[in-house]
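For reference, the structures are reproduced in the following blocks.
The following pair of complexes shares a single chain, subunit A, combined with subunit B in the former and subunit C in the latter.
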Partner chain A sequence: MLAALAAVPILIAIAVRVTRAGDGGGGPAFLDRIENNGLFVVFVALTVCVPLFLPLTVGVVAGDTIAGEASNGTLRYLLIAPAGRIRLLVVKYIGAAAFCLAATLVVCIAGALIGFALFPSGSVTILSGDTVSLANALGRSLLVALYVTVSLLGLSAIGLFVSTLTDVPVGAMAATIILSVASEVLGQLPQLDWLHPWLFSNYWLGFGDFLRDPISWSNFGTNAALQAGYLIVFGALAYGRFAAKDILS
Partner chain B sequence: MSKVWLRWAPAAAAIVVVAGAAIAVPTVANASVSLPAKTPTQVLELVASSHVRAFSGTVEETSDLGLPSLPTGSVPSSVKGGTSADIALLTGPNSLRVYVDGPTKARVQDLESLAERDVIRNGSDVWVYDSKDNSVGHSTLASRQHFVRPGSAPQATTPDPTDATPAGLAKKLIAQLEPTSNLSVDSNVRVAGRAAYDLVLTPKVTDTLIGSVSIAVDAETGLPLRVQIDARGQKANAVSIGFSSLDLSTPAASLFAFTPPAGAKVTELTKDASAGPEAPGTSATKPAETVTGHGWDSVVTVAAAGSLGKLSQSAEFGELTTAVAGGRLLHTSLINILFTTDGRIVAGSVSVARLQEVASAQ
Partner chain C sequence: MTAAELAIETRGLTKQFGTYAAVKDIDLSVPKGSVFGFLGPNGSGKTTTIRMLLGLASPTSGEARVLGESMPGANSRVLPRVGALVEGPGFYPYLSGADNLRRLDSADRYASSGTRRARVADALERVGLSAAAGKKVKAYSLGMKQRLGIANALLTPRELLILDEPTNGLDPQGTREVRNLVRSLASHGATIFVSSHLLAEIEQICTHAAVMSAGSLVAQGTLDELRKVGRPRVRVETPDIQLASGVLAKLGMTVQPAAVDDSATDVVAVFGEKPAEPDAIVAALVRAKVRVRGFALESPSLEDRFVSLTGEGFNVDH
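And then the complex of A and B:
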């Protein structure tokens, strides 16, 4: 899955390099900036991955946490060891969170490498129109990766909870991914304005705030609090379900 | 039975705690504010005596004009900088960051998702930057000239960044509306974490769509922090522009130093020439404007030759307006705009009948 994610920035970079379409103005944000600076491959790739590919892979990993063990018949062996069910849940969640970080970093690193290989590097023009040094821009990219990782923690917690509900991992994966798509669809409807701040996908594309001068931290804080809320609620729900579940396999 | 329910107790507790925190945090922020009582005149004096030279902050704009809201992203991008962008501004919430240092240095950043528009004034230079197409507009300011709203398409006028702040808007509104208003001071409010007086201007006349204008004035400095315009018969604020955070220290000088980034298209915006292909509808000569009445129920008539023709053919125009006697009407909760059949635009915060009366009188 990580290889598939790494393929996204590589495909984007090669497509832009081969076609040299010029600035048509269409396509995802930052696409027309790639020719000036290879680092923008990272941001285009993230813009493309955040709404679909990253939730997809996170849904697969998080949905697999408990249900996967159950369907393999290994869950009861894990629980025979004197580790406790809470600890198993926590470790499984940490695993899913580590995947969020790894997935985001893979997109960023692959994007940066292919970008610098095919396009010029050097100082970077950020959204505010200011120009910053390459080192500064790389630091900002790391912050962007961190932001995207944090954004996915809520979805991971939902996946963990769904995974405790069933012994069929595919069902848990599909349910998690459907929830993430549903959240994004709801986020598109202006009639549901009041609901938007409560959707876990609401701040997913807020990583542009790190490309402003000065960096805007307000979305980062709100997003972190929102994701923490989802983590607490669905973590507790997962515990409620898992603590007294009959383990049959 | 009890055991089955007991295991869900932590989950229920977590939901209650999270919901409680979500509700409690805004409530605490809005706790009642005690300030020494002031009469409306004293609050006006406070505003007039305000000498805030430098500040930075975030301004949140929301509006509910009763227009149909458009799904985000559905606005066709082929309509360049024209009506659709303006409609998006009218219907959606908008977030600006504002930096001001004295009368000649200012920067406004219009924050959008993965994009940004900047208006920077540094001395006599005014720069407009749009990250979407990496374009830069530049003009040199001889004196204070016409202002356009930052964020609208670059026009043949020079933008004044400070116009976007609640302070700039409040001062304009007070200057125009104060003589024809009943003034009162409502209960104190807290805006951007600062205690503020709430000055309310209610129209003396009855034939206006505006219910009231309330201006939150910072108790400490006299800086207007928030402007809210209420329409008659509508519960939500028709327009609300206010700081969500405010810092009274001087912003870093580097914020006002702007050099066009490499690879950007730089357009020189001059005062009297057309700004080029990017600003359709901006004619070299300003169309004649007539203002009937003054204050709340004033009506503006613009002889909009040419520029209206293009606009009135767009599908959006047909959807937003309704046919009335004498032309087509764009109705919002705050303002009525009548596009007459003979190509004039008659607009005002008044009833349709009044607009038709003004239109037929001329």
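And then the complex of A and C:
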């Protein structure tokens, strides 16, 4: 899965390099900036991955946490070891969160490497028009990666909860991915704008703030609070469900 | 027997799934230090009972006490002292046998990580898997997985071992090794609770047994107590089947229906309320001019008892 994620920035960079069609118009945000600086491959790749590829992989990992162990027959042995049910949930969630970070970093690192290989590097002109040093821009990239990782924590908690509901990992994965798509679809409907601030996918593409001077932290803060809310609610639901569940797998 | 002498004690333990009671009101008493056979046909509620003993499922009503504490409330205090094999082994197919054991051992908060490598190697050695320790579990045969499951139960010294069908899928050598292993563990003072539908196995290794049928506990006690309930019987080898049956019936014995064809060469009769002396039976037979070619007194086997308790039918109940 990580390899598939790494392929996204590589494909984007090669496509831009081959067609040289970077003259504005169409395509995802930041696409026209790639030819000025290879680092923008990272941001284009994240813009492409955040709505679809990252939730897909996170859904697979988070949906598999408990249901995967159950279908393997290992859940009962972990519990009688005894791993402790709360401890098992916490460890599984940390594992899913670590995957969110790893997946985001893979996209960023692959994007930066292929970007610098095919396009110019050096100082970067950011969205606000200011020019910053490469080191500064790399630092901003790490903040973007952190933002994207935090964005996925709510979805991971939902996946963990769904995973405690079933012994069939594929079902839990599909349900988690469907919820993420549903959240994004609802986010597209202007009639539901009162609901938008409560959708876990609402701030997913808000990382552009880190590419302006001065950096605005308001999106980051709101997003982090929202994701923490989802973590608390779905973490509690997962605990409520799992703590008293009869393990019959 | 006081509660302190019992490794497992259940009172009115019941597990209901919807309207169907998988386990109905069972009172188990497993003395410390015993090798306890838990018998029953498929689907009689053995594994559900074991799940409740291990705190994997909560009873609908009643109580399960393991090593003196109530389950599932005392999971974290009781389970480190209990090793178990539940409903077949469960392992990650892409990890080696040794890595699987290390992973499960590290899930146990109370197991020391410093001695982990040595304990894993020792457990693998005890079940004869040392040579296959580095092989991925997906390449294991059913019997090897079963052995690995038993090794997992032996990772740390345990006071109680709960083994659900431990010899499932094992070859005759493996079965014998498991028997020896159970004996050696028992001789070191561990209590062993073995569920099985194989009577011969239980008869060979157990000191106590309980029999489940359709979710209820229908008998429990020492092996001798269980056998005693059945009545002894005589087997008379003779060409005069009709004559012999008449004589035995007159002595108050119940003649078991023989084969319908003429091939039968012996008569089996179960002793009645007041058992006659074997010598008197032979004398009566000879007086009636029955040609007695063989005479044997048979004590009831555990199998007879098991079948009489759980029924002859092959079909899974309910």
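Keep in mind that, in the parts below, the second predicted complex is superposed on the first by the 247 of 249 C-alpha atoms of A that agree within 3 Å, B and C clash if a C-alpha of one lies under 4 Å from a C-alpha of the other, contacts with A are read in each partner's own complex, and residues count from 1 in each chain.
The criterion applied here is as follows: a residue touches a chain if its C-beta (ideal position, glycine included) is under 8 Å from a C-beta of that chain, and two chains touch if they have at least 3 such contacts.
The model shown is predicted, which means the values in this text are computed figures rather than measured ones.
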Fit or clash - subunit C, subunit B, common subunit A: fit
Subunit B versus subunit C as contact partner of A:G159, first or second or both or neither: neither
Which of subunit B and subunit C A:D246 touches, first, second, both or neither: second
Subunit B versus subunit C as contact partner of A:R33, first or second or both or neither: first
Which superposed partner A:T131 touches (first subunit B, second subunit C, both, neither): first
Subunit A residues touched by each partner, larger count belonging to subunit B or subunit C: B
Contacts of A:L237 with subunit B and subunit C, given as first, second, both or neither: first
Touching partner for A:P9 - first (subunit B), second (subunit C), both, neither: neither
Which of subunit B and subunit C A:L78 touches, first, second, both or neither: second
Contacts of A:R87 with subunit B and subunit C, given as first, second, both or neither: second
After superposition on chain A, the shortest CA separation from subunit B to subunit C (Å): 10
Those residues of subunit A which subunit B touches in one complex and subunit C touches in the other: 244
Of subunit A, residues touching subunit B in the complex: 23, 25-26, 29-30, 32-33, 36, 47, 123, 125, 127-131, 188-191, 193, 205-206, 208-209, 212-214, 216, 218, 229, 232-233, 235-237, 239-240, 243-244
Residues on subunit A engaged by subunit C in the complex (per definition of touch): 72-84, 87-88, 244, 246-248
Subunit C residues within the subunit A interface of the complex: 51, 54-58, 75-76, 79-80, 82, 84, 86-93, 104-105, 107-109, 152
Contacting residues of subunit B [partner subunit A, same complex]: 3-4, 7-11, 13-15, 17-18, 21-22, 58, 69-73, 77, 91-92, 97, 109, 111, 113-116, 118, 127, 129, 131-134, 136, 245, 252, 255, 258-264
